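In the two complexes that follow, subunit A is the common piece, with subunit B as its partner first and subunit C second.
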Partner chain A sequence: MEARVSTMRVPITTRGTLFVVLAVFFLLVGWRIQALPDYTLARVVQDFLNALTLGSLYALIALGYTMVYGIIRLINFAHGEIFMLGAYFAFFAMVLTPLPLALALLTTLLLGGTALLVTRSLFNLESPKKTAGLAFPLLVGIFVLLGFRQLGWIEALFLSMIATAVSGVLLELVAYRPLRGAPRESMLITAIAASFFLQNMGQLVFGPYVKGFNPETVLNRPLSFRIGPEEVYFTGVLLVVPLITGLLLLLLNFFVTRTRLGKAMRATAQDAEVAQMMGVNVHQVIALTFFIGSTLAAAAGVMYAIRFGQIHPLMGLLPGIKAFAAAVIGGIGSLPGAVLGGLLLGFIEIYVVSLFPTLSAYKDVFAFVLLILILLFRPSGLIGEDLTEKV
Partner chain B sequence: MRDRILTLATLILATLAIYGLTQMEGSGSLVSALTLVFIWSIAAISLNLINGQLGILSLGHHGFMMIGGYLTALLMLPEKERSPFRTRLLSDWARENLDLNRWLEALGLGFLAQSTDAKFVIALILAGLAAALVGLIVGIPSLRLKGDYLAIVTFGFGEIIRLLPNAPEVARFTNGPLGIKGVPGDAGTLWWTFAVFLITLWFFSRLKFSSYGRAFEGIREDEIAAEAMGVNLAYHKVLAFSISAFFAGVAGGLYASYLQSVDTQTFNFFVTFFLLVAISLGGLGSITGAVLGTAIVLLVRIYGGFLEEPRPAYVALFAISGLMILAFAFSVYIRRARHLRPVIEPKHLIFLGTGVGLMLLTLAFFSTPFVQQEVQFFGMRKILLAVLLILIMIYRREGIMGRSEFSWKLLFGPREDIPTEEQRKQDAWLTNPELNPDAGKGNNGAS
Partner chain C sequence: MKKFLLAVILSLGTVALADSHGGTIKIGINLELSGRFAAIGQQTLMGIQAAHAQRPEVAGMKVELVVCDNETSREGSVACARRFVDEGVIGVLGAISTSMSIPAAEILQDAGIIMISTSSTNPQTTQIGDYIFRMAYTDDFQGKLAAAYVVNDLGAKKIAVFRQVDDDYSFGLAGFFDETAKKLGAQTVVQDFTAGTVDFTAQLNNIRAFKPDVIYYSGFCAEGAPFMKQLREQGFQQAVIGADAIDDKQCPEGAGKAFDGVVFTGFATPDLIPDPEAKKRAEAFKEFFFQTFKDAKPGDFNGFVLAGADAYNVLVEAIARAGSTDRKKVRDALASLENFPGVSGDVTYKGTDGTPKDRTIGFFKYEVMSPDNWKKTALFGKSTAEVE
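This part shows the complex of A and B:
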């Protein structure tokens, strides 16, 4: 059996499919440019930037789904809410800082302490020397970040990734770990309940209102360049989001393929029981998966918030579901599949609306239709192993 | 015989009680609560057929209910509510033709159009059939999948059905986000829902113990074994799906009539979630459980409003710390019941510590404005439901009833789980102290 969390190699058969998809795409665009006078090359480029950004955000969220599914066969419905938490943490990190020193110290102790406990046990840093080595930069770093000046978006992104990762691990600990070995339906129901819990808790704690998220950064400054007679407008976000996504992907790929823990992860995905017999701490690996998935979701959340300029407690719902669709389309359990699915979904969403404006009312339905079609005709996804159950 | 008399007596008593309730002054809130219990029970029983008896997780129930709700609303909409002003997005064609009166007259059944009740019967049946048809269309392709993939596909279909009414092309039939207002409320009354509820109850309890019901449960236990025993998997699954969709459609129609309006927010995913909590609480696979669970969950929803009233922050703080301490006590109770040692798990002391600490802190800073400010917890009931569902899944997956049903035998008959004295004597293992350490200590050995 193939490894469920497969690495970044794309099978040859899928390449053929990809070429077909690309050919159809270019044909459509060409036909549209020729047929419609207002549809110019500049708009194609503009759409391309938008689609790339949206697609990479979906890809980041989809990675969390696909990793968790690959390891414990659980559709983590609450992942969209983790994404929402990431955006809110960054928002508060940017708005509330600099905190009064006493409060900063308290937050540092709480957040840093929990983060320390979590990372210590997840990354095998239990020896006192390593713990101390981790504790010092972590605690001092968080304290300095919180206490002395207003945070920029990069620092906020960093802080939010830590805080969200801790929340993800806590969620796994409280809601999913007690259900290890339970029927998969029960786990799915629990995940749905956790998602509802976080949504409503978000409305309760953060307020049920839309909050503006417009940090004063270089990223939001409107830029433009010319293609022929038309101008293409964009902001720095559109360039930074794919860059950060690519960077995180490289890191993730390195982690999964080149480190001991990554190997343990792949082993657990392949067969948890045997992995356990080989000395892999399965609980740790699962928590680690949640940790990494939540980190990526937090990054996606912050960038999504900057991209669209607002946050609200239900913001995780649709991107979450769409990213899940992306993960399934790509082949759930497969890392490159999640990225491919995310990008595909982003491109479809932007280009279908742009090429066929009458369909814009059905924008949110595409993901589901595509999801259903894929599940019906190729349940293993574009790049994915066969999931039919055997006797 | 005894059971039949008892059932009949209960029915008569229930009817009398409902009659008394409707006659009583100031019982309005109770009447509407009971109406809601009946409507949602119908939906819960129907969802229970798929999720409990067939063992397939379906998350698209709100879509079926929505179809029933919309169709009933459109068919029953009175003439004056059909004006272009009231239904702005509805196309002229839909406005004129989606009308039960017109259909009945065309069929030469105009006399039926005289009575709203007769029209509602027809409209509800049509609503159910429409939902069943959609259930069939959704079911045939998607039921080839299994487990969580199936859950996701049903969820996807449910969401598509929910998102469609807003799209401009479909809005010509659904009036878009404006929804349909002014639906007659006749079928949303207590009598109506009670009657439909009884029919549903009768139908599903007959179904459960019929050959079809056994086949469904066979599929739940082991598909391959069931197939080997000659159960046609696809046929039974699609059948169950359609039956379930039919009753969901009827429940949706009743609910639309109860609300006297229907729009795209009436049937969102929360509806399915709510039903899921209800049947999980009652016990997946038990009709009695579905009704019981619905009643309990609805009680929380209807009478839990006090949880969301504004009150001083210290009440909330005390409540949180109290809950923490309770959680600790709960863990001790569970660990005792499961014979786990140590009874006090050191990790769980965190709950006790946080609870007591929070309480002390609140007391220490009692007069500060932070503790005295007014706070309001919107959505507390939904949070409570979500927590309840997680707790059920972790600690009592079989819910209240498990898979067993209510029966008179359960109440009055001899208990089958405790052996009679004769059986005990026959059973050497139970009575022999050398083999059974619990022998001679009353019923402990048997239970």
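This part shows the complex of A and C:
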């Protein structure tokens, strides 16, 4: 079987399918647009920008989903809840700072200490010198961030990514590691349980209410430009999120294909047992996968929360399912596939409402019908790898 | 042996007697205490608890509140109703919303248990059976009044209506509004969304060419907060009118300044109640409420609190009038209630399907400076008796 993680090169046959799907999609859209009574160029552009904004958010969530699946073939249903945690961590980082110094110190020791332990075991920092070299800037950095002023969204995002990554690794340690070697169904059910657990814990700890999250950031700055007599509106999300998604895609691709740890990851994805025999620390690689996947989820959670201006303990449910669909449509395990699937889902949601207003209520149905079609006719997804099992 | 049996029977008899005098009587509470409508659910519960604190005993028995959280789900509401049937409560207060009230009502009606929905406004709810009552007005009034206000007072010619199609309340209310607005000569366009929708950009782009004068939103806050935010971001400056579902702190706290200026119809607060006697009772209750809940913020007291309190009050009053815990007798007493002096105005069930005869619908306006600094201003109240 081929490596299940990221290949930027797309095989020729796949290109054909991809081309057909996209061509059908755009033909359909074009045909409906010219049939609309009051369509203008501004309206078409507006729809396109709306779809791009939503799609890039889905793509960002789907990246983390696909990452974890690619390595251990676990559909991590708790990914949506990790995403929710990320949003909450950023919210608290922005609302509660500056913390009183004693509390800031305590939080720093707690968060920084765990983060240190986790990173140390993940990145093989055995020598005390290296550990100290990481510990000092990490602890001081967190303390300075927490203790002295109210955080901006970028610092909050950074802190949230650390905290969420640690939570993700802990989740892996507690919920998934004991099941290593168990049938895949057991892992799947555990993932669902972890998802429910986090949802309900969220309601208990954070309260069941919807909380507003509207920091003044570049993300939700309203912007507009003119096309003829009409105005087209968008927000900073449109500029930032695709950029971040693209950057992360390139970084991850580089990490997986060009670094030693990435190589270990691909080896684990191919065959965990043989990789172990070759000296790859499989537990470490899987924990690392959760670390990266959770960081991605945190980034997505914060962007999503700021975009829609609210957080609540069940906020990860729907985006989680959609991202899962996106990852499968694109080809689960494939990084560019996740991005493509997310974008496609965003486009479907916007264009169903736009072109068939009476069918607005069924926009999710269209997305999931596409999912079923893909599973029926091309189970490996649009640009996924061939999933035929070894005999 | 005979003596022993006699003693047993006698002692059982005394126990039974003691149970009806000075025992407890259970009232079930089926509310949305978590999930999407959690904030409204908690407020309603506070209203019920305050009323309970005012009148904790009836017919010589202590009233015990059995609280069940339906998690804002139909399944949860059904589970709560089943639980209350098993526990043998005398009556059930709640649910808040129509979508959770109707499934519970079907079970409670079959079991012959009284149910008083605190704020379900869809006409269907009380038509399920003779054991089902409500404390609010119905949506045909609410929709008509809102449409009359938008067309006659605001002078709107074109109205965009946003409704949540998978919610009985929102869908029904939008229908009543749309019908009346068209009758009054306005043009309307309807846009649909579903529960959990956070991206409204496509729907908003659809109404851009229509150039509406006013936008009517019949949904809830979980969707309403992102809706208002995107509406303003996308360059729409029109007035927005909502209904009682957005009489919820999650709206201004969730959307912040974007919710500034939104007008909505809702359950009247004390200052809008026309009858001076009723107003005095409402004001007194408001004072008692803030004494009972010392941590409550000013925004926590609203129509839902009053509806919760009066749902409790009328049920306890009916038990008192029936003088027994026989459900049939209590139901009959409740159905023949006339001009009961409630804290939300007089309550009359006599001759209705379980909807109180004359209710006041208030018009309110949000003034939002920031998510933590906002208030509702009462504009005016309209009695449902004035609407034909």
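What we mean here is this: the second predicted complex is superposed on the first by the 373 of 391 C-alpha atoms of A that agree within 3 Å, B and C clash if a C-alpha of one lies under 4 Å from a C-alpha of the other, contacts with A are read in each partner's own complex, and residues count from 1 in each chain.
Note that in this section a residue touches a chain if its C-beta (ideal position, glycine included) is under 8 Å from a C-beta of that chain, and two chains touch if they have at least 3 such contacts.
Treat the numbers as computed from the prediction; the structure is a model and nothing was measured.
Taken together in the superposed arrangement on subunit A, subunit B and subunit C clash. By the touch criterion defined above, A:109 lies against neither subunit B nor subunit C after alignment on the C-alpha atoms of chain A. Residue contacts after overlaying the shared chain place A:170 against neither subunit B nor subunit C. Of the two partner chains, both subunit B and subunit C are touched by A:361. Judged by the touch definition given at the top, the superposed model places A:208 against both subunit B and subunit C. Residue contacts after overlaying the shared chain place A:282 against neither subunit B nor subunit C. By the document's definition of touching, neither partner reaches A:21: not subunit B, not subunit C. In the superposition on chain A, contact of A:196 is made with subunit B only, not with subunit C.
In the superposed model, A:349 lies in contact with subunit C only, and not with subunit B. According to the touch criterion, the shared surface of subunit A, contacted by subunit B in one complex and subunit C in the other, consists of residues 203, 208, 361, 364. Residues 38, 40, 43, 46-47, 50, 53-54, 203, 207-212, 214, 220, 222, 224, 231, 233, 235, 308-310, 312, 314, 317-318, 349-354, 357-358, 360-361, 363-364 of subunit A touch subunit C in their complex. Of all residues in subunit A, only 73, 75, 175, 178-179, 182-190, 192-194, 196-197, 200-201, 203-204, 208, 321, 324-325, 328, 361-362, 364-365, 368-369, 371-372, 375-376, 379, 387, 389, 391 touch subunit B in the complex they form. Within the complex formed with subunit A, the subunit C residues making contact are 33-36, 38-39, 165-166, 191-194, 196, 198-199, 201-203, 205-206, 208-209, 221-222, 225-226, 229, 232-235, 250, 253-256, 258, 371. Those residues of subunit B that touch subunit A in the shared complex are 55, 57, 59, 141-142, 144-149, 151-153, 156-157, 159-160, 163-164, 166-169, 224, 270, 273, 276-277, 280, 377-380, 382-383, 385-387, 389-390, 393-394, 397.
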